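What follows is a pair of complexes built around chain A, which joins chain B in one and chain C in the other.
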Partner chain A sequence: MLINPAAKDLKAIRELELATGETISDCYQCGKCTAGCPASMDPPPSVLIQLLKLGQFEMARNAESIWSCMACLTCSERCPKNVSPAAIIEGLKNLHLRNQDPRVCLESMSRNFLAHSPQMAVVSGFRKFI
Partner chain B sequence: MAKIGVFVCQCGNNIARTVDTAAVAKDASEQNGVVHVEDYKFMCSAPGQEMFKKAIKEKGLDACIVAACSPKMHEATFRKAAEAAGLNPFKVEIANIREQCSWVHDDKEIGTAKSKDLTHMMIERIKFNRPLERYVMPLTKRTLILGGGIAGIQAALDLANAGIEVHIVEREPSLGGNMARLSETFPTLDCSQCIMTPKMVEVLDHPLITVHAYAELQKLEGFIGNFRATILQKAKFVIDDLCTGCGECWEKCPFSVESEFEMGLVKRPIIYIPFPQAVPTVPVIDKTECPKILKDKCGLCAQVCGPDCIDFTQQDEIKEIEFGAVIVATGFQLMPNVYREYGGWRPPHMTPKKLTKKERAALPRSGAGRLVDVINGLEFERLASASGPTGGQIRRPSDGKIPETVVFIACVGSRDCNKGVEYCSKICCMYTAKHTMLYQHSVHHGKAYVFYMDIRAGGKGYEEFINRAQNEGAQYIRGRVSRLSKKGDKILVKGADTLTGQAVDVEADMVVLATAMVPQGDAEETAQILGIGYDKHGFYSEQHPKLMPVDSSTGGIFLAGTCQGVKDIPETVAQASAAASKVLALFSKEELQRDPEVAIVDQEKCMNCWDCVTVCPYLAIDRVELKDRNGNFRKWAAQVNPGLCQGCGLCNTACRSKSIELQGYTNEQVYAQITAFGGEFV
Partner chain C sequence: MSEKPVRIPYYPGCTLKTKALGFERSAMDCAEVIGFEMDELKDWNCCGASYPLTKDNLMGLTAPTNILVEAEKRCQKEEVDPNLITLCTFCYNTLKRTEYAFQQDESKLETINAFLDRKYDGSIRVVHYLEYLRDVIGFDNVAKMVKTDLSKYRVAPYYGCLLLKPKKEIGLDDPEDPVILHDFLDALGCKVVDFPGQVDCCGSYLVMREPEKVSQLSYDILAEAAEYGAQALVTACPLCQSNLDKSQSDETRFSGLDGVPVLYFTQLLAIAFGLDTENHQLEDHFIDPRPVFAAAGADGESD
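Let's look at the complex of A and B:
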């Protein structure tokens, strides 16, 4: 895994910040989110956010661990810098949906279900099948 | 007819880049009353000032305009030069064509036009400037020091050794402050008490230092050179002059309460000295607890006292003393209630008591209130101290066992804008390294883990000290701890190592939190008593963050130590000495000179509505009675104390009868300035 800090995907990161309302550059990598994560995410939340700080949006978005996040919000509650890792992970999942990524198979869901479910519920539902 | 000189400065290229200074000078020379004009590269340089003085003398100028930088920069310089050339300094005005003109414009045409206007305005204004004389004020050469910690002690000794009378007001029964609590100090690991107690004794024995222990400042009136302090001496119920400090009373006292000095780890008697080396060694009776005072029962201490110095009828006493300067050295406290963040809670003394229903309800949900062995840095200092509750053996508070594994957590409450304070407390990295060493020197087979985020060891010998701690076996883990919880008789520490991206769990016997340093709980009230500024955290603000680090926002009040911001001991001592030298510089003159740019009242016109008294932020306006030549009361009027007045102009605008005038900023001057500008554009 080679990281090229010059190849920053600023547009995607900006989109993610707008979608979540978080300021990713506030994070100072204390690791409190990783320490408290009950899902034992790998890579852990602090590493995902460091990837985003380095501008490696695709690497963060394609990380397997974002699908094991249970949105328990422990990390957001404990973050000393008011960056919400849970919201950012939720945002990454959302951007998968928004970009109509084939990873999530929308066709398997009934139209009626999609039309009447809140977006977050759909995202949470997908987690279970992956 | 006025004879005005105009001096236009190019400031190298700073002004000349966007202002055609020659055009400004030429334009000024055509103004009514201007007899001399100069355009020079650096007016503030020595040749520039010589030129300025020469022009005043040779042309007999009676007013000067310097079109240059902000008056904050060089007004004083040119006023001094004018004084040397025999011109009243208040007949010199600055037209600011740098900060408010050349620096903010790119277009040379606009910049030049604006500079011309600014200079015009000043030319019209200065025609109404009156020559003013500085006020001379008396000076009381006595210093008040608030706080008897290391900062107060150092400042007091420096001043007293220079021959200045000093009074220290300390709220606790003994001098010493927080430094007296420390066991050893970084980076040399020398015993804190050993370096501090000789200084405490020296303070007490010094003929020029008066110590008001167990006293508080109630009120401070007056101004630089002439303060009047009201000091409340709390009743000790012990007669200072008779007491020999033999200790009979506090050994016999049958009652006990938590010791504040020992951070509640042990109990102390109700008649007590805070610690064995206390200075002065005069005990005080805690009147909120003593059964003799509350219910007239017991009185054992009075029976055993040999010199018969216990007096239960003693009352609080008010002292009024005059001072010329004040040094504020009120110190810090560790951030309270950090245990809650980690789901922990510690009962106030060593043996955990049975909780009442109310206390249990107040506990945080996680941790369930049984994390007795989570302590803060100062409590660890007491545990490690040879004079502490365990006699220097490190034993954990819950069951007195020697802890085999200790986890130290850095940045607790610091750098945490969510639940704590945003700033870095600066000393925690160092004292955590010291704690690991103290622990490992005491418990040889013990394991010390440090959870840190960054190590900030900028100081003489500091990085080497951290290195030594790591070499002596402390395991440093880069990450923050998320949660502490109980596991058997141990504490489960859930942390992370962000360098490997893995979660780390440690089962510890004891956890030490390197808690953030915050100002004293009543720092804001103290600031209001003193009339000095403070920041959002409660630290007192210095006049200038770089160039005036010991001056408070009020003249004659200086700051020393951690009441101004987080610091370690060497910095505190350095700042205390700096504050002392500032006081010495102030006291080196026989009397004080004050700027005459203050408000004055035309007392005949004053209709005593007292609006000015209400709005004055410096309490500089008094109500006085005017009398006729027979001494009969004639009328009330306002009067400005020029020693207190800062020339802010609030009273000037509030005055309904237009009887208050701000010298140097009179209505005529300001109107002339505005008309000179408006004349062309309206």
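Let's look at the complex of A and C:
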């Protein structure tokens, strides 16, 4: 892995910190977030944060696992350093969504889902994926 | 009750008016028995369902603030305590966190007010129905109103996530080791089944994108609850209810598990109060809870 990050990546990580209100360097990699994560994320939250600590912005931003976060907030609640991995993950997702890169296609959304799921799932899903 | 019932402004949210009508109706019927009235706001909008987790997304607070303004104007006009009662955990979480955000940082309120037609003064306190029962009515008093013997039923509380987290902002109970639903079930006279999965996530809105994962998470929770002896689960969240209940339609995954009904806590409260539950949509659940509670006097066929 390249441990000599590009200036643009460091800038993007600073912007991510500003956007989320989180201080990524506070993380000391105890792994409690990953241990409690129910989403089977790969890479898991602690690794995503370590990537950011190492300046590997693009690897974190493009990790498919960020889309599996359910914002259950277990990671944020258990962090002994008061970092919110869920907020950092949402910040990464927002970079895609604000760049017109949705992760759910309306046309192919299952009819079963639309017919039977509660409205709150639809509204939340729109916020998180579109 | 000889005294006039207390009227509390009530915010239902979108799901309570559609897929979770039984939650609202059972809550209202029980409130009548307990002696308060949930007075629905006249002009309300969707709260946005998910509270924005990033600091730069203040715009996400306009919808919940618009609801808080409506409640504030109502309370000022009617000269009642500035409370707003909710049932849905997503609504509760979003409104409560908005309340907290303004308490912590008034400049956020100023910014949001710049977008709204009516200015919000920040006076409303958001209260969950369960919280109201615990803190204002008292579970001991609820227990005195129970008419149906539920002592032979083993019921597991299922909390999920958003009723409790983040603790600093919600403050209803301990998110890792909560007791509020345990105490509620205890007041109803049930055998309370304490199982580890009670605070595990059901998969939430991931049902839109990864329904298979939600189905597996739901299976893990329900299988564990059943292993601990639960005959039914109670929850306060319409999305948890939907995920846990509807996932059981996957016959292959759930082949080794008998159906576990998942009720809203107010639906069980109505059964405990001996109310007519015909309008509480128990029959709409994928796993019908009526056979389990038939002997307790819930309407429906007994098995």
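Just so it is clear, the second predicted complex is superposed on the first by the 91 of 130 C-alpha atoms of A that agree within 3 Å, B and C clash if a C-alpha of one lies under 4 Å from a C-alpha of the other, contacts with A are read in each partner's own complex, and residues count from 1 in each chain.
We adopt the following convention: a contact is a pair of C-beta atoms (placed from the backbone, for glycine too) under 8 Å apart; a residue touches a chain by one contact, two chains touch by 3 or more.
Everything numeric here is computed off the predicted structure, so don't read it as measured data.
> Give the label of whichever partner, chain B or chain C, reaches more residues of chain A.
If we count touched residues of chain A for both partners, the winner is C.
> Output check: A:S46 vs chain B and chain C. Expected answer is one of first, second, both, neither. What do you get?
Touch status of A:S46: first partner only.
> Let me test your reading of the model: by the given contact rule, A:K8 touches which partner, first (chain B), second (chain C), both or neither?
Neither partner.
> For A:N94, using the defined touch cut-off, is the partner it touches chain B, chain C, both, or neither? Pick first, second, both or neither.
Touch partner of A:N94: chain C, not chain B.
> In the overlay, answer first, second, both or neither for which of chain B and chain C A:G31 touches.
The first partner, chain B, only.
> Looking at A:C79, would you say it contacts chain B, chain C, both, or neither? Reply first, second, both or neither.
The answer is first: A:C79 touches chain B but not chain C.
> Overlap of the chain B and chain C footprints on chain A, residue-wise?
On chain A, the residues that contact chain B in one structure and chain C in the other are 40, 74.
> Using the touch definition up top, name the residues of chain B that touch chain A in the complex.
411, 415-420, 453, 478-483, 494-498, 501-504
> How about chain A: which of its residues touch chain C in the complex?
18-21, 38-40, 67-68, 70-74, 76-77, 84, 86-87, 90-91, 94, 103-104, 109-110, 113, 116-125, 127-129
> Please name which positions on chain C make contact with chain A in the complex.
13-15, 18-20, 46, 48-50, 52-57, 60, 88, 90, 161-162, 165-167, 175-176, 200-201, 203-211, 213, 217, 238-239, 242, 246
> Would you tell me which residues of chain A are touching chain B in their complex?
Against chain B, the touching part of chain A is residues 28-37, 40, 42-44, 46-47, 74, 78-82.
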